[in-house]
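Sharing a structure, written as structure tokens. Questions coming.
Chain lettering (A, B, C and D) follows the sequence in which the chains are written, and residue indices restart at 1 in each chain.
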Amino acid sequence: MNNFEKLDRIFVPQLDEILGVKLPVLNDGFIRVVDYMGSDESIVQAARVSYGKGTKKMSEDRGLIRYLIRHQHTTPFEMCEIKLHLRVPMDTWRQWIRHRTANVNEYSTRYSIAIDASQKTKSNEWRIQAKDNKQGSEGFFPIEIGDKLTDRESDLQNFAREIYQERLSLGVAREQARKDLPLSTYTEAYWKVDLHNLLHFLKLRMENHAQFEIRSYANVIGNEIVKKWCPITWEAFNDYVLNSLTFSYQENEILKKIYSGKKQEAIDIADSFGWLKIVDTRFTKNIERMEFEEKLDKLGIDKPWE
Amino acid sequence: MNNFEKLDRIFVPQLDEILGVKLPVLNDGFIRVVDYMGSDESIVQAARVSYGKGTKKMSEDRGLIRYLIRHQHTTPFEMCEIKLHLRVPMDTWRQWIRHRTANVNEYSTRYSIAIDASQKTKSNEWRIQAKDNKQGSEGFFPIEIGDKLTDRESDLQNFAREIYQERLSLGVAREQARKDLPLSTYTEAYWKVDLHNLLHFLKLRMENHAQFEIRSYANVIGNEIVKKWCPITWEAFNDYVLNSLTFSYQENEILKKIYSGKKQEAIDIADSFGWLKIVDTRFTKNIERMEFEEKLDKLGIDKPWE
Amino acid sequence: MNNFEKLDRIFVPQLDEILGVKLPVLNDGFIRVVDYMGSDESIVQAARVSYGKGTKKMSEDRGLIRYLIRHQHTTPFEMCEIKLHLRVPMDTWRQWIRHRTANVNEYSTRYSIAIDASQKTKSNEWRIQAKDNKQGSEGFFPIEIGDKLTDRESDLQNFAREIYQERLSLGVAREQARKDLPLSTYTEAYWKVDLHNLLHFLKLRMENHAQFEIRSYANVIGNEIVKKWCPITWEAFNDYVLNSLTFSYQENEILKKIYSGKKQEAIDIADSFGWLKIVDTRFTKNIERMEFEEKLDKLGIDKPWE
Amino acid sequence: MNNFEKLDRIFVPQLDEILGVKLPVLNDGFIRVVDYMGSDESIVQAARVSYGKGTKKMSEDRGLIRYLIRHQHTTPFEMCEIKLHLRVPMDTWRQWIRHRTANVNEYSTRYSIAIDASQKTKSNEWRIQAKDNKQGSEGFFPIEIGDKLTDRESDLQNFAREIYQERLSLGVAREQARKDLPLSTYTEAYWKVDLHNLLHFLKLRMENHAQFEIRSYANVIGNEIVKKWCPITWEAFNDYVLNSLTFSYQENEILKKIYSGKKQEAIDIADSFGWLKIVDTRFTKNIERMEFEEKLDKLGIDKPWE
């Protein structure tokens, strides 16, 4: 009967296998997949609604998904949804929650007693402030300094917990007792997001410059969850987003000269952009030039000005 | 093993039964449930994450869901998601799409040939402009007038389709050929939304003053889909939202006087709000008073001023 | 010339007067209005675009705004926008940021050194855990206990800052050094939101059960900012939202009986809802009944069952 | 006094000059700037809140804005807001409204009589369906065919208006009378959006493949409004977004070979991606290869396989 085209729910056996399983992150954090909706197949299904009968003969699913990612036709990816159970330090959660296009239920320390666990740093995990990048780190402290830092961290975390317990024992309201908990305290949350917004999260948080902690979570979500859930999308996302390079108008102008062998003209153009100011026989720091140089390195292209 | 608390996906057998089935609306529209995530149970599950262990002993699921609806603790309802396949007239879709918190893939008349179906009005379905409400209707035209209106509607829809076909035959770009299609033309879309936002949609669109067409769709979604999907939530939504009454500060002041039998004081207060202006021995139209009178009627309370 | 209907920007002199001025909150927090767009007048202007020429004769502005608030026609209120500069404890910010429909730029402790200020609690400000409400407080501790709590708070905050400084001195990356800062540490942010979403924030956060800290901020925003910015809207919001009462289907059924003097029938209905279970000659705790009793109190109505 | 750092509102004289002025689009559409909040300066101001005191010495404003655009640090751009009054054909509005992150008040044909204007196509404006791109057009019809199409368009629009008037005269409810209006009918709306989301809109709608009609509006917004409002941002957006080129992982691999002069290896790699299948001595259609070739053209680079 025409009116009765019964459907079955789409499921992804590889993801079902890890449903509910704790994927560990950091010293005491985790990610668990609680539920999901859709798959690579439903992205294609949604795209074909947009394109209607016209696409019947269109290239196969993989080609379509790659096309959608490449051209930022993002709505079909919104048709997939995933719900994760997370355990993260509050400091990391502060960054995470800035991604607004997700649904969230967080463990309430107003209602319940704060989780008795905090992010602890091993002696070999203390990171040195980066010189060039105010918000980055480079390298680790030697173990002797690390030992000291870890001891002090432990003292502080213990003292904070002691005071929290003291307040609770005296009968201070939970909503107030929690006020001095350290940011390293773990929290838990259900976090539900569609695939489009999840990929955007991963793009920003799997990136080199993302902070180590949230990057650790993002890597697990990408490499252990999305890769199983929507493998074709994951491959396309790697090819077109994670491993892509974007060149600005200025960079394109220089690339043209480099290709046609006009080295001096390439230098002149870069100079006209103010990239090649020299002080004491060295180029002054110029972020646009330095970022371009990094991209040239990735393509194995020599800098014209060296 | 501690690390392995395998989960199964939540499913709702009553909803699975109608998955993919066309629920007809209007002359040629429909709604199909394509997929869903969650259930009444997952709302409770999400709420308990927020409340932590503290709620282990808390009242049973129904009580919790009712509490959440009553106090507009909306985030647990966002943990449920549903994906519908819709066929609606573009005129109705124009209203529908104004609900922004949903994911949408619409059939593209830029890419494909427009669906060859339009909303047709039967002779007994032509509605008379309401006098009091500029955006409403009241009653139907007699069948003789209806016959004429339906004939003319048919003429217009046929002519519009003829011209559309003419353009396509000549090779006019589809993106331009469609420009004069009537708003009654059907479109199709995948529409994915979380339960919280769906309930908000239903609150506005199942309401008496919502236009008949979109109300027809909302009624099917509410009474034939949500009721099956999350029956406890549906009951609470009916009790606390659809069938509730809200009284303003002013109305509360009058209700107090009515209860304590001080009829004249009730009248004086209403008068002080400017509700009881009289012209030619009749109250002038005052929307705040009239809306209050409607609520009094629902509670079987006499108007003090009559 | 028809094509040239030059406009001036809308401004609100009362709000301009406090632009940039610090409105203090808590021991070291503040709110400053940085910029805004629109006014009561622009809400009316936007509504009249929706209603077109048809509303020329419609009732005056105040009536229109009240109508919009009453019927939750929220889009015209989205046409007003305000940008605030906030200084709040991170613990409060954790609640604040859950309101997703706002634009945010927060002070980065990854990039810069954390603000050297934390929320301090005076001896007479320590709150006792509420018995009935797990997430509330009731009353304050006597000053002797408060003294001790305040001393210990001070010890912890000093120790935490000491360790933070120690890490920075050693050269620990700022993004890591901050990990154990107490939640009481102040953060700053630019927070930009439209009036509709701001009113929703105020509805939830000016409410009795909102935590004292965020309520303090909400009160300043409502009573010192919105009231100046959009006085007509503020009045309507008070009348129809803050000071309104909503009755459920069940409550309406009982109200009908009360108002028609049928006390026993009112009791019977309440009993049929399971509200009047008795153990040891007292009603058992039933939240739905208790919330209804609170509303009856506000209307000066006697409980039928007492 | 420290507590009183009075601010003035930020204004942009160049934009104030065109406030309220109708910028014409299509035969009878327009865009008017109604109000705005912020400027290039407020983007910098917001970014510096994020970066705190640390940026005092940071490079000047232009460098900062360019950095923010380049690295997709989008939140500071959300601090600027603009409100436009639009008049667009409903067909164009259907595409426009799909951008969900904006505030909208549209003219209501339920409440008022539909605007008596429709998008008319001149004889030389009829576009031919593109062969390669199902959703595109290429070239125009000769004037003789255009004349005929324009006549027929006129017939249809007149007939549709006649029937609409007929219904209104008979007293059909406005909400129903409008049901067969052609999509070419103009509608009006207030559309308010932040600069980040506006730039995203412009990126998609100023693009070559965007439909002519919406592209016409996007061009006016970009080149006549944003350019005046935030000139530094506009320049950066052109350099880093509109005029940038992005290369996928696969394309980077080929570029490496090209730049190191290894033509055959470049061909082999492309072949391994399946880009160089040959049927009847010609490459088969392969979209990924063709899109890469377009980019090579822009950089003046010869295709290795030609």
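We take it that a residue touches a chain if its C-beta (ideal position, glycine included) is under 8 Å from a C-beta of that chain, and two chains touch if they have at least 3 such contacts.
Keep in mind that what you see is a predicted model, and the values were worked out from it rather than measured.
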Message: Let me check something: if the centre of a chain is the mean of its CA atoms, which chain is farthest from subunit D?
response: C
Field: Of A-D and C-D, pair with higher C-beta contact tally
entry: C-D
Field: Gap in Å, rounded to a whole number, between the CA centres of subunit D and subunit C
entry: 37
Subunit B and subunit D: spacing of chain centres that average the CA atoms, whole Å: 32
Query: subunit A to subunit D: how many Å between their CA centres?
result: 28
Query: Mind pulling the subunit D residues that touch 2 or more other chains?
result: 51, 54, 104, 106, 108, 111-112, 134
- line: Residue set of subunit B touching subunit A in the complex reads 3-11, 16, 19-22, 24, 32, 34-38, 42, 45-47, 49-55, 75-76, 78-79, 81, 83, 85, 103-108, 111-113, 188-190, 192, 194
Task: Within their complex, state which residues of subunit D touch subunit A.
output: 51, 54, 59, 63, 66-67, 70, 72, 134, 204, 238-240, 243-250, 252, 255-256, 258-260, 287-288, 291, 298-301
Complex interface listing, subunit D residues touching subunit B: 89-91, 94, 97-98, 100-101, 104, 106, 108, 110-112, 118-119, 121, 126-130, 134-137, 141, 145, 149, 152-153, 155-157, 159-160, 163, 166-167, 170-176, 178-184, 211
